[in-house]
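In what follows, chain A forms one complex with chain B and a second complex with chain C.
Then we have the complex of A and B:
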């Protein structure tokens, strides 16, 4: 599990000012599913899965995802934002164990 | 000799740091989990819809919402979903939330996306799990509070939800 929390972000290679850009992002995370015992009862424990994804561009939140265990393992998200100025775009993932994984790309104009 | 003592000291500091981080994360876990459980509970889809949207009317948004889903999902563990909504995305009129609800999942509410006008386009995509063949809905909440919905059936060959 050494890859846990590795974040990948893909932005288009050439961006013009004012463009609406679609970004794809992925984090390596188990997104644990609910486990049941032989009687079909849910085993109570803290399941480790991502509950929130926050996308920040130029210091402001653009898009946020609230997620549940119905999202796949190694969750993949895509979203759009309007590129107005060059600057950092960061995607932050929060899981139920307090883990916080961040990925960052710098938006530059070709 | 000196080298080894530095190592020990560093190692000890690291250990202390890890304990500290664990304690801090423990304190943070409780609210995060409470919020997640509010969104996604083990319940039927009717209960989920009632809980999340109350008695607010939901209109048919077929002309507004483009829901992209495979017709047949061979592997229910990874099903790509994307939603695009026709919206000007200006501060006065934009899409506030996009919900994805999978009717047959034990946890029907999959995700809630919160958008801002800075997004420029009401678009989102996510890989979801589907437990069984059934409808997947996209519900859109606009900034004025109106709700729109589209649903599409997905056939699932192998369920991906486990328990």
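Then we have the complex of A and C:
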């Protein structure tokens, strides 16, 4: 994948105040899997995968996920939240090598 | 095509096949004889090649999971395949055979044979998924049709219905006379009253039609969008010949390629043939960047998607007026109507309203070619977990129908694709799609 850490967020095109909104988000990330040698022993190294996903809305953390290597490459997360006020929604991905990848979307009411 | 012909001349091939190969060379190609010859550059699985097994039989080189069976006895879409449709033959039940309805029912449902249930509904909760291309046979026994008549319909229905889409099962050897007698016995047992229907989706006449898979351009919905973005890096990256796409097409793929894909497939003088974007890339890529872009390779598919995505939203604007285009479209139309293979099917059998379009083939709703089938290709296939272009889709369609596929970049497919794309003329491109 070419753009490591590129975050995409999709929210419905029209939102009314108080709606429960389904958000779909995806990040480009290799999510390295455990590798084993010929004897079947795990090769010790720092595997690069996302361990934490934090969703922030209006400055407050709405939800956080702790993730493991069992999540696929280019992981996709979907969650719902109640849109009370217009403002930014951000999703931040942290990986094991210290990478922080953030995506932002402005929640506006139609 | 040329490479196919050369192979046919190999002494290892049976004489009858050799005879076809010789007859073929005398036929004029549709294109001008002076134009450059086209040799397939497709990946091995997509080239329609064969290898000779130790026992002398030929095995087709196809994708993993596709049958390697050689259907060389049946005609193909190749322009130089001048064999006629199998002859229409009457048949009578051989003496001494008696039908077993239980065996007949197993054969009716056998996926390795027809399956008959792909087109015809019969009672039973284990009948899944039944199709509706052919008539509902749930009470065929009540019609008291004579056994010899039913036997004839199964052996070769063209004797009674000259334009039927039903294959000549006996004449092409898919089912033996003994098996057909069992099937006749089973059909005669299908009488009213019918058992109560427990699942509306079992019956193709009451089944809900599929709703699709959402927005194909949403990267969180369609993995193909992410794959296409991979080609973005290759657009900028210099190939073995020291040049990158971006060197000659500046301003980024999105701007430089805007509108280009709307004009394909088209006839290109330099190559003397109709080409889809995939075909052109396969010739143009090596000539400029030095990268191969073999037909149906990952590089070809992703670059095709990248170029097509630059035209998303723009209407298809085909050349349908030039003499070359008109001749090619006419040949494509003929291919669409040509009956090929063991099943003796044409595209039109399934993909026109007079045939199966709008009906279920097994669990799949058949599309009408006149509604336009090309604007979303290459497309993500949810059932396969990979991107397919139109060529692979057509090659796959051919294989279970008992037809040796042509090379992915064969001119026959290009002209068929051109004909199919005429139904999309003026409609906006939307690549990549997402389909079953």
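Brief remarks on what is shown
Quick note on the criterion: the second predicted complex is superposed on the first by the 108 of 110 C-alpha atoms of A that agree within 3 Å, B and C clash if a C-alpha of one lies under 4 Å from a C-alpha of the other, contacts with A are read in each partner's own complex, and residues count from 1 in each chain.
Everything that follows uses one rule, which is that contacts are C-beta pairs under 8 Å (C-beta built on N, C-alpha and C of every residue); 3 or more make two chains touch, one makes a residue touch a chain.
Keep in mind that this is a model prediction, so the values were computed, not measured.
With chain A as the common reference, the superposed partners chain B and chain C fit together side by side.
For chain A, the partner that touches more of its residues is B, with chain B and chain C as the two candidates. Looking at the shared chain after the overlay, A:39 reaches neither chain B nor chain C. In the superposed model, A:22 makes contact with chain B only, not with chain C. Touch criterion met: A:51 reaches chain B, while chain C stays clear of it.
By the touch criterion defined above, A:70 reaches chain B but does not reach chain C. Touch criterion met: A:62 reaches chain B, while chain C stays clear of it.
Using the contact criterion defined above for the overlaid structures, shared-chain residue A:3 touches chain C, although it does not reach chain B. Once the two complexes are laid over each other on the shared chain, residue contacts for A:96 go to chain B alone; chain C is not touched.
With both structures placed on the common chain, the touch criterion links A:82 to chain B but leaves chain C unconnected.
Within the superposed three-chain model, A:14 lies out of touch with both chain B and chain C [touch as defined at top].
After superposing the two complexes on their shared chain, the closest approach between C-alpha atoms of chain B and chain C is 7 Å. On chain A, the surface patch touched by chain B in one complex and by chain C in the other comprises residues 24, 76.
Contacts from chain C toward chain A in the complex involve residues 218-221, 223, 226, 229-230, 232-233. Residues 20, 22, 24, 33-36, 42, 46, 49, 51-52, 57, 60-73, 75-82, 94, 96-99 of chain A are the ones touching chain B in the complex.
Interface residues of chain A facing chain C in the complex, by the touch rule stated above, are 1-3, 8, 10, 24-26, 28, 74, 76. Residue ranges on chain B touching chain A, taken from their complex, read 24-26, 28-29, 32-33, 35-36, 39-40, 42, 77-80, 82, 102, 105-116, 118-129, 160-163.
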